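Dropping the structures in below, format is structure tokens.
Each of the next two complexes has chain A plus one more chain, namely chain B in the first and chain C in the second.
Showing the complex of A and B:
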């Protein structure tokens, strides 16, 4: 509900970009069509071509300026083509609307009045210039950033060896996600989600959370941020920017053992599709013990309020 | 969906309630009343008298405590003394709340900041705005989107009542003098423009700003002797990087933020308030001048700021432009001046030991030119001091010990006490990038054993050497033959700015180890920088992400010819369509 509230304020909600885009575009399309329908009911007929052009121009502007981070031109071109097809399907859905759509075009081509004659002259003169300009623009050398697509969550190995010990990802579990008796518990986080890890009488689980937090704030926040959203002090320098744990697409989607593998082996331990050469994520086995790694992961889930995915 | 409508109606109610409050409270219920300042009020020009804020509701304090121990305690500590587990690896250190000393305020120097637990109004709630926008240049992030407005007010209710120990916000002996920026009559803003900037340039000299902030405002005037109220070293702001101003409120080019800092000073630091010894107009002039120094594009427009990071937008390509004849050695030469510069973001190297948690160099500005035979790179970056290794000093970078020994062993306490090494920059290319299929690259940190890199490193002692890197864990190996081909065209330190130009032939004989430059090809590039006064050496350095260098190819002949043919084709098509339409029309008529 908080997310919808944020969306209504017009702010981009991190992690919900595709949903928000569809939501907004859908609302605007409905608004457009509704407005034209309303105008038509009240005797103001807006020509279909004008409607279609308005809708198309609006979507282009939306793709270019609204979506952040900006999407590359090639992707925008695909979106624009799809939008164009959609608009054509809409205007050609009935014989009547298709005729209405064609009417101004034919009127300009025929040029029976002074105004259409003027428009035709302008179009006839401008069109070759436009085509030539677009041709030059696409052929002149460009030095834009190349698009390189990286797999964000690559397939994990079956097992990983950290500090001489082998962890099988399917069967290993966090030794600190435990109840007061020291037994692994899926529900312990939920029980203490509002607890205070700094309380001296805190149960073992929360004490581990506190220890994990201490490690996080001595090592991880420089990139992943003090609020765990991937906007630490160093984040702006790196590409891609560090993982945002508050985004529902990161740790919330992953098993705890997957995160253990990623933290232990770091960027250099990624498979090729994950771009190991570009990641500055340290292989944390060089800086932390196995226990410390489990604790910091425990902390990340508790702090964001997400639960690790389970194997089923 | 039910819930969604409930939210909307609640918002509606809120708006209704607010408008009633505003209507009813004209003059009495608002935080302060505006009006003429009496001559004997003791207030500085531009300030009005305010009232002490109400005490927060106990429930808010209680809820705020929960948030504090979830989100804030890690840096600010259990007692709010700025000594949480994260504190000792941070510089600047997290705020110690106990004394009630806060930097960014609308109140007179020395006074508590504005905080009202019930009103998150911009310009009337300093602490709320600090939590909302964060403090760039420090580890304090923006909490907007992470904590709701109500949660931010709750946690501040806890901090201001329980963790600020030496003073009380509702204490009637606490004076509240407010810089009321909303009062257009008292605060006549001087428009940003040439005239005001020129006046400001004189004023910052008269008012001795340059003594700390440096002749050109790069924060290099007095970089090593300043301390904050707690005895930790502190550096004057660099006016060229307004996006790092703590009080920039995610709006770095806004002059109002700078005017506010001039008017209120920065509590807890040597930065005084200028409210008593300048007029409002003079402060605007100074603020306009400071804003004018912030880096801008060639047309003088503010740099576009990336809303994801609140820093200048980065383009990860460094294009090299072709010039006829000699590449100039003077960066002010027209050939260099005409080139677009690109910003390179830098973070501390914290992937491998020795890690660099505080990188004093956080960006470089790059330009590149090439001619028939050579390629040149122009590096410019801000550094508050020229650092050069003293004879006989053994260069051994250290990683800070794990922070468990308290403040005296913290990074903040150790600033300015490091052994001084060389300032340095380096640029790295894959040795045989032609053989690697993009997007693959040798690893950013000195490449890999089987895919080595060609790294050129300049140091402040005047050396420029070429090295082979074959992995982060192997020492760089100098190639003396390649070093001979590198040429240091210029290296100069002036008023807090380093300028280094280096060049090399485009092609060399050693194709296995020297990067070869071809036009129109994207060549992966990584940048490194060292600040000698930060104890930087070896892997203790600042690193960039991957960039691409590309030698801009000349416009091909096809691009000059084909567009004309395409336009011609269009004209023919138009003629054909119109003729067809005309004959059709004739047919229907007849």
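Showing the complex of A and C:
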């Protein structure tokens, strides 16, 4: 209930934002439709072109100012294009509304009233300037750093060699993701997801998690953050910034062996397609043992509540 | 008496002809079996080698292990050649050989898919014509089927020519590689060639025999011929698929690429069947698109109302068939991806998360365009029905739902942004939009889109009709309930997906898809039943539709073509620097992956080239037309799939 109250006051509520945004969009759309319907009922017919322009401008404003933090331009451009397409589909969906939509445009092109003449003149004069401005804008030298399209998860090698031992990524498995009998288990994490690793009598799995946690806080949290959300104290000094493990797009969608390879080899171990890599992620095989690497990975999964990706 | 005799004679001839076809069809198989068994054996050695009866003085045969099936087999073929960059292995012009091959391949593929798909339509439509009771309708179907083959006939010879060009390109630019492939696939290639002959023969008789075999039993023979035609066509395609599947996930050879004598293993590699299914569906969707574009082109250039009516109808039917096959396509794609992951995780990641991931984003855009266009076309179709105005007011809500879903569908997971924007956002992940970037949201979006498309179709089916069955209110209520539940279920599952582990989440797509499909099947079936004998508010006036709708059809076809080029490129380039994955390395200077921009330009070029040549084919087709087909005249009842009329 509290959440709904907050939403109604116009706050974006953490954890609900994605659905909230869709919901808001829906409400505004209904509001628009309702408003024009109401006006139409009262004898004020708003021309389709005007409606469409209003809707478009509104959507631009919404995506630019409503959503915080600001959406990158490339994404806003996608949204604007989609909105335009939608508006086109809507105004041209029936012959009647299409005619209504075109009427002012055609009028500007060839009607002979004083107003249309004036608009026509203005348009004819302004158009070259607009084109010129766009040309100028695109040629203007730019001092921003260039955009880097980075392949965040490049294809791993078939196998990787760490401390003299070869691991085949397809078949290897974590030696610590094990049940009490020491056998590999897919479900053990689920069993102990709310367990207490500090418990003296904790099962072996949780003991390994605790050890992994210690390794994490000795080595990784400076960058990856103590909530594992990629906001460690050094984080923003780097580009690319450290991975956010709580985001469903990092370890949650990787196989455990992939993560093992990434942690062992670090930024410099990225394959060529990972270029341009400037990743500071250290190659941990130089500082940790194989066991320690497996344990810290175990901890990361346990702490975030994500499970390594499996196929089947 | 004399006529009866003639009838009987005709019958005998018909049986004879049918028998010949079947014989022709099976002959290559018989021929190839013994060849296949001795496989790629070096001819003289194999023929002089003592048979099993006297193995004592035979040299011990070297055995080796199949890299995929892990079975042992006698080493028969030579190892895969190790090429070096130079005129011996890679003779060339002053130009990138790979690009030449790319164009040759893609053009051949476009035409190949087209001529494989169209006879399938033909078969279906001709059959519909036979079983339809109404004489006028039957004639119209028959005419349509005939129109279909006519288009494909010219395209057929072009396909053969392009195939020749393709082989020459291989032979001249990649002789070593092609030699290796041919040494393994020799019996398959011969079978392929023979089948091609059988296919041409059948096609020509099918086409030229159309008038002769119009009535009664002969008509049935004629339809069976189309079945044979399609069987041959499908086998042809599957054989060709075995080559590319072998290049991607080889089997039947050992780690050095030596052939082990089992041709079935070589053909039946792990990706073969997923590719087969995906390609058959894809071909059909593509074929529908091209025929629809043809109809649109004829509609736009038509001079009379009759012509417009006929081509409007033809475009509708073709679009309908195309979309029917478009809907299962993503699921086939999903299966293929799964198998790729199962085969090599690296390959899967290169595709979905790595080097080629950006291309998948472009693919998502294209899929979006396809569904939007389909919906748009259906809405425009309401214009040709008097009485359908009552549904037009719902369009704006559907537009909204579709566009919002697309906004989610297109939100990239890794956003392109300047470093300044990155800092402003405080991280790679946007707290709001980041959640649209993952699978869960995408699944929800695309399922909502498909469900909405189904809804559009149901709306279209109802168009000018009011159900008269007694249980109509109940049916309406049920439909309403079905779709409401579907939307709630899909969206709920999409949201729920965030709260559960990834491996469980993968399983969530199953109930989502099940929901979508049940809307499709239950919804459309129920609606069709309700529309049986429904009261019409006004006639359906074929031909009375906006030109925008026809441009939508053309756009649909172009999107199909573009997407096919794109996906083909992705499938092919995922091998990276291998000719045959992990067996034969590509040592030419062009073993790198092209930039996205270059690839996109190449694909566009191929699409443009295809459309230019196919326009030529259409034009040729229109030269032979004496008069406008005696088809749907204005306001007349015409058949429509799914029994909506």
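Heads up, the rule we're going with is that the second predicted complex is superposed on the first by the 211 of 312 C-alpha atoms of A that agree within 3 Å, B and C clash if a C-alpha of one lies under 4 Å from a C-alpha of the other, contacts with A are read in each partner's own complex, and residues count from 1 in each chain.
Keep in mind that, in the parts below, contacts are C-beta pairs under 8 Å (C-beta built on N, C-alpha and C of every residue); 3 or more make two chains touch, one makes a residue touch a chain.
Since the structure is predicted, the reported quantities are computational estimates derived from the model, not experimental observations.
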{"item": "Contacts of A:239 with chain B and chain C, given as first, second, both or neither", "value": "both"}
{"item": "Partner chain(s) touched by A:145 [first = chain B, second = chain C, both, neither]", "value": "both"}
{"item": "Chain B versus chain C as contact partner of A:34, first or second or both or neither", "value": "neither"}
{"item": "Touching partner for A:75 - first (chain B), second (chain C), both, neither", "value": "second"}
{"item": "First, second, both or neither for A:5, with chain B first and chain C second", "value": "first"}
{"item": "Contacts of A:131 with chain B and chain C, given as first, second, both or neither", "value": "first"}
{"item": "Contacts of A:278 with chain B and chain C, given as first, second, both or neither", "value": "first"}
{"item": "Partner chain(s) touched by A:227 [first = chain B, second = chain C, both, neither]", "value": "first"}
{"item": "Residues on chain A lying within both footprints (that of chain B and that of chain C)", "value": "14, 69, 144-145, 150, 231, 236, 239, 241"}
{"item": "Partner chain C, residues of chain A touching it in the complex", "value": "12, 14, 17-19, 21-22, 25-26, 29, 33, 67, 69-75, 78-79, 82-83, 85-86, 89-90, 92-95, 98, 144-145, 147, 149-158, 169-170, 186, 190, 230-231, 236, 239-241, 244, 247-249, 252-253, 255, 258, 273, 305-312"}
{"item": "Chain C residues within the chain A interface of the complex", "value": "338, 341-342, 344-350, 353-355, 357-358, 372, 375-376, 379-380, 382-383, 389, 392, 395-396, 399-400, 402-404, 406-408, 410-441, 495, 498, 501-504, 546, 548, 593"}
{"item": "Interface residues, chain B side, partner chain A - complex", "value": "3-4, 7-8, 66, 69-71, 73-75, 78, 84-86, 88-89, 138-143, 145-146, 148, 306-311, 314-317, 319, 345-353, 355, 357, 359, 362-363, 402-403, 438-444, 448, 520, 522, 543-546, 548, 550, 552-556, 558-560, 562-564, 566-571, 574, 577-578, 581, 585"}
{"item": "Partner chain B, residues of chain A touching it in the complex", "value": "1-2, 4-6, 8, 11, 13-14, 68-69, 106, 109-110, 124, 127-129, 131-133, 135-136, 139-141, 143-146, 148, 150, 194, 196-198, 213-214, 216-219, 221-223, 225-227, 229, 231-239, 241, 246, 266-268, 272, 275-278, 280-283, 286-287, 303"}
